[in-house]
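As written, the chain order gives the labels A, B, C and D, with residue 1 at the start of each chain.
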Amino acid sequence: MSERLKKIFESSNPKTKLVSYFVGCYPDYKTCLELIKEAIDNGVSIIECGYPTSEASAEGPVIKKAHDKVLENGDTIKDIIKLVSEIRNYNNDVGIVMMGYIANLYKYPITKFVSDINKAGADACLVVDAPHELKEENILREELNKTGLSLIKLVAPTTDDNRLQDIVKLSSGFLYQVNVSGVTGVKSANQTDVESFVKRIQNLTKIPICSGFGIKSPEDAIKIAKTGCQGVIVGSAFVKYIQDNLTDKDLPLNLGKYIKSFTKELN
Amino acid sequence: MSERLKKIFESSNPKTKLVSYFVGCYPDYKTCLELIKEAIDNGVSIIECGYPTSEASAEGPVIKKAHDKVLENGDTIKDIIKLVSEIRNYNNDVGIVMMGYIANLYKYPITKFVSDINKAGADACLVVDAPHELKEENILREELNKTGLSLIKLVAPTTDDNRLQDIVKLSSGFLYQVNVSGVTGVKSANQTDVESFVKRIQNLTKIPICSGFGIKSPEDAIKIAKTGCQGVIVGSAFVKYIQDNLTDKDLPLNLGKYIKSFTKELN
Amino acid sequence: MKKNSLKTGPDDLGYYGEGEKAMGGMAVGETLMPALHELNDGFEDAIKDKDFLDEFAYYCKHYIGRPSPLYFAENLTKKLGGAKILFKQEHLNHTGSHKITNSLFQILLAKRMGKSHLICESGAGQHYSATAAVAAKFNMPLVGVMGDIDVARVNQNIIKAKHYGAKLKTVPGTLKEAITDAIKTWTTNPEYAYICGSVVSSSPFPKIVAFAQSIIGREIREQSMSQEGKIPDMICGCVGGGSNFAGAIYEFLDEPSVTKIGVEAHETAALTNGTPGIMQGMKTYMLQTDDGAKSLGGMSLGAGITYFSVGPLHSYLKDQGAVKYSSATDKEMLEAYKIIAQTEGICSALEPMAAAAEIIFRQAKDKPKDYIICLSLCGRGEKDLDTIQEHIGKDFE
Amino acid sequence: MKKNSLKTGPDDLGYYGEGEKAMGGMAVGETLMPALHELNDGFEDAIKDKDFLDEFAYYCKHYIGRPSPLYFAENLTKKLGGAKILFKQEHLNHTGSHKITNSLFQILLAKRMGKSHLICESGAGQHYSATAAVAAKFNMPLVGVMGDIDVARVNQNIIKAKHYGAKLKTVPGTLKEAITDAIKTWTTNPEYAYICGSVVSSSPFPKIVAFAQSIIGREIREQSMSQEGKIPDMICGCVGGGSNFAGAIYEFLDEPSVTKIGVEAHETAALTNGTPGIMQGMKTYMLQTDDGAKSLGGMSLGAGITYFSVGPLHSYLKDQGAVKYSSATDKEMLEAYKIIAQTEGICSALEPMAAAAEIIFRQAKDKPKDYIICLSLCGRGEKDLDTIQEHIGKDFE
């Protein structure tokens, strides 16, 4: 269980945390670091740092394109862990979550991965395709627990109460509430659906809930923030901003401003 | 049994009769008549006057093309019978054999056909695809007999002695010895094969034998004449000559000369 | 065979029926007559030989995949809301149509008769590719003859036959030109075996092909009895030369309670619009000019049923009033194709869709639910996909 | 099932084998986990339901045309001069491959579970067109996902599926990209039924597909016993995901006297050249970069076996030493195609020619005459004719 994540959610400032997903080393190592620094400076509470996999099964077109670019550049999960250590050097308060698929972790392998991200200063790990049914999830969870890091679990609209109960028991740090069925960055969530889903979770657990998928604008973020969750997660919208403005030489600064338009509403 | 054919073969002049096949009304009614007149004038003993059928199954490419042309021109078997009457008017000694397929005769129908060709002055009829197994052949044969005309039967290299015996019994006028297996105008006969075939027939019958298929030159004709048959039949070679010289305004005259190159060797 | 049976078969000279109205016979050149008699003797001898029949049965099962299922087309039945419709699934045979059963039979016969080379004609290319497959299997060289129009539209069959090692001779035209030319090729090589693709041409081919294909009807009887507890009330099949339909109904010829409907292509409906004539070796109904000089008939999308004539058995059965014959248009065939693809998930050849159209548009609807109609679904549609796309591709978007 | 049997199947979590080396499992996003559990429960329930199994058997027989024959390839056997070679004729199934048995099973299951919409992926398009056919038959809308490279090379399957009423989604790439995208599509519509085309992906798919296809091996046993008086000494099949081969060998897993050889495409030989990894829902051997970030593998002419990974059952059987796995090159596949077309008159799909190549070039020759090798001939060649023409068309002139 990450102490840093705990502290973030114990603090009432900002009221709703902005969790912001970046594809590590996208569009390249250096720019990515600048982008994340700006994100931190503009009020992001938690950085999700994605590592790419060619067969990622939950990514919409925007994030897939970014993954493909990183793979093409030849940047590896090791480079991304190095990036994490630079982020941590830059800021000691922001939460950092490694996010991706089990493919890379299995080959790393898992124990060394946990030890490396711990050294780099990450707080948690989220593996999209590692439900608790998967042996490697169990190994990962145990390693993270031993190391004092969190395993961020996902719950989805399809997750029924029984299963929810199992999952919340295994979760630490926060719960990633996937608010629509689908891949990243496509469908938009319906506010009332999210609200009742958040309630359903809160009936079972006190763990902080961050709600994500399909949040494309500050307005979306506010709507979701009103559902009672502790954090909102924005991924594709920021990655798309980067993607659409790759030639902008002030990209980090401008992304920072764009992120600010979210955070200032969530305070 | 045609008296005229009998007379032709009883005469020793010419020694070997030239039987010459024309596609009736090819290339048109008038030219065809001219061509046949020249043929007669240049020593042809018997004219085979073909009537076309679209699905003729024994014709090689040369004769098929001529058939198709006549069908395209719209000339019918009635026109060809009229042609026969003009030929008969022109010459009273030449043998005239109607030659073709059963399709047209069946529709004519047969009894009327025999009466019409008799009136026109034909001596016989040869139907390529009417073996004695066919009911219509029997009807036709009976009609011809009654009318004093001949039914020319074919025998082929594939015809064994038993079958040969049956066929010669039904034949009158002459026997059409198909000297190779194949369609008209393609393969050339082998002299020794023809010779032994002719012997085989002569062991069974005294009926005159005319040998045909694949005789393309005076030299071919002489070779076949030497096998002991009474007549040689030339079809595709003359039709091809016509086909190749359609624009020659002296075509009848020149065909006559060409035919002469055969008949002078057969005297 | 009992007297007065429609199954008595043709007489010694190949005639179905007697006198003026007799159909069939042998109208070919002398060169081939001995070969035809030899074939007839070879056939009559072979079908008395249990080993030969067992061999045929063995390959029917193992190579072709017979029996083809008799399939209850439940969705189509529901859609039409009348008779119960069964498909005789001949399209599941190896090479994709009923044709291979005949090719197999005749090639086994040719082998038994000591033949070493094969000739065939083809319309839709189904008979060509089927014969080529069996020829490869029994190691006999084959030349196939096809019309250039058909070669263009059923290209896959040509390629497959080539892969099996067969040679192709192309002539201008369609099936009728191919038949005429195949006979010429055979005349040139009378020692070869001619593997005739339908119940057409001179005797003994109609008899031989009907014999080979009659396995279809025997299977229908057995399957229908065991699945439905009765035989079908109606059997419907397309008719080009008429082999699949002859095969399907032969078993039931003496049972007038089974209504039989053969369906030709509208453009070449010899039995509906033709008159008796003698062409291509046989006396039968056909489309021809009044003077008998010229075969007639337009083009149908069903390559295998674009045939101006028809097997003499069918002419005889028509004259006897034992079987009804109708025709279907291209439009109806395409419509039937669509309906069957979408209701039953079967991509049929266009030819049997002529019969399907008859059932769908004219027969099934007003029949009671326990009235069984059996469709001879005699070919699969891969060969026709280009044609179908061209004509109704847009309907599927 | 007896203990220590290779047929015990995966455990509750979908693992074949135990501990570190266990293969399979469920590596998918949370959105689909409930659907997978529901599917597993639905499957376990259905296979205890005799009516359901009877329904499956009914359509296997009537719609698909099962059992597919077990055919003695006499010419090929003679040519090779060694072992006796039998073909399991899965290419005669409706829609032309083994795939339809699985599609049928899963769609019947989906229907039983009250599903109304279907998704599938496809490599060679065989699974897509087969699923589309069955979907039409049971009136369920289907979306299929395929890679654009495959769409171009197996176009006929696409057209047929369209005619059956299915929709197509094209993604850049081949089978692996199609699988990934199908999972995304399912994630977006978790209430749909995903009809997985091989023994791949997350549990319970490998188990379900192996169950459906295991009918192949049961037929082989029965047919081989009745025809040959014994079971085969060797069974050989191609392996893309591995469903036809799993289906052929499942019945014999506990009989080590039956040698089993699975053959992958040389360019994507996961079991020969791969290492364990976790991608596309399962732990299994696969071709990937050392860091697990990227799937690898080149292109084979066999569209259906161009797959960088393999079903976990096969990884398990490889580790157990119970089954051997090898690979075949494009050149060998094409050569095998030629030989089989010309000796047996069968136009095979290219995929099973990987296994045929193994038999022809490496297994049959030095075996005694009473040694029986059974080839899983799991698809017909129409879909590949263009590819074959392009590569070796000239060889047939």
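We take it that contacts are C-beta pairs under 8 Å (C-beta built on N, C-alpha and C of every residue); 3 or more make two chains touch, one makes a residue touch a chain.
As the structure is a computational prediction, the values presented were derived from the model and not from experiment.
With chains reduced to the mean position of their C-alpha atoms, the one farthest from chain C is A. Averaged C-alpha coordinates give centres for chain A and chain C that are 67 Å from one another.
In this assembly, the C-alpha centroid of chain B lies 38 Å from the C-alpha centroid of chain C. Chain A and chain B have CA centres that are 97 Å apart.
In chain A, no residue reaches two or more other chains under the touch definition. With touch defined as above, chain D holds no residue shared between interfaces to two or more other chains.
Chain contacts here run in a simple line, from one end chain through to the other with no loop closing.
Applying the touch definition to all chain combinations yields A-D, B-C, C-D. Contact residues on chain A toward chain D in their complex (touch as defined above): 51-60, 71, 76-78, 101-108, 128-131, 133-136, 153-160, 163, 167, 178, 181-183, 186-187.
Those residues of chain D that touch chain C in the complex are listed here as 61-63, 65, 68-72, 75, 89, 92-94, 132-137, 139, 156, 159-160, 162-165, 337-338, 341-347, 381-382, 385, 388-389, 393, 396-397. Listing the residues of chain D that touch chain A in their complex gives 13-15, 22, 25-35, 176, 179-180, 183-184, 187-190, 276-281, 283, 288, 290-295.
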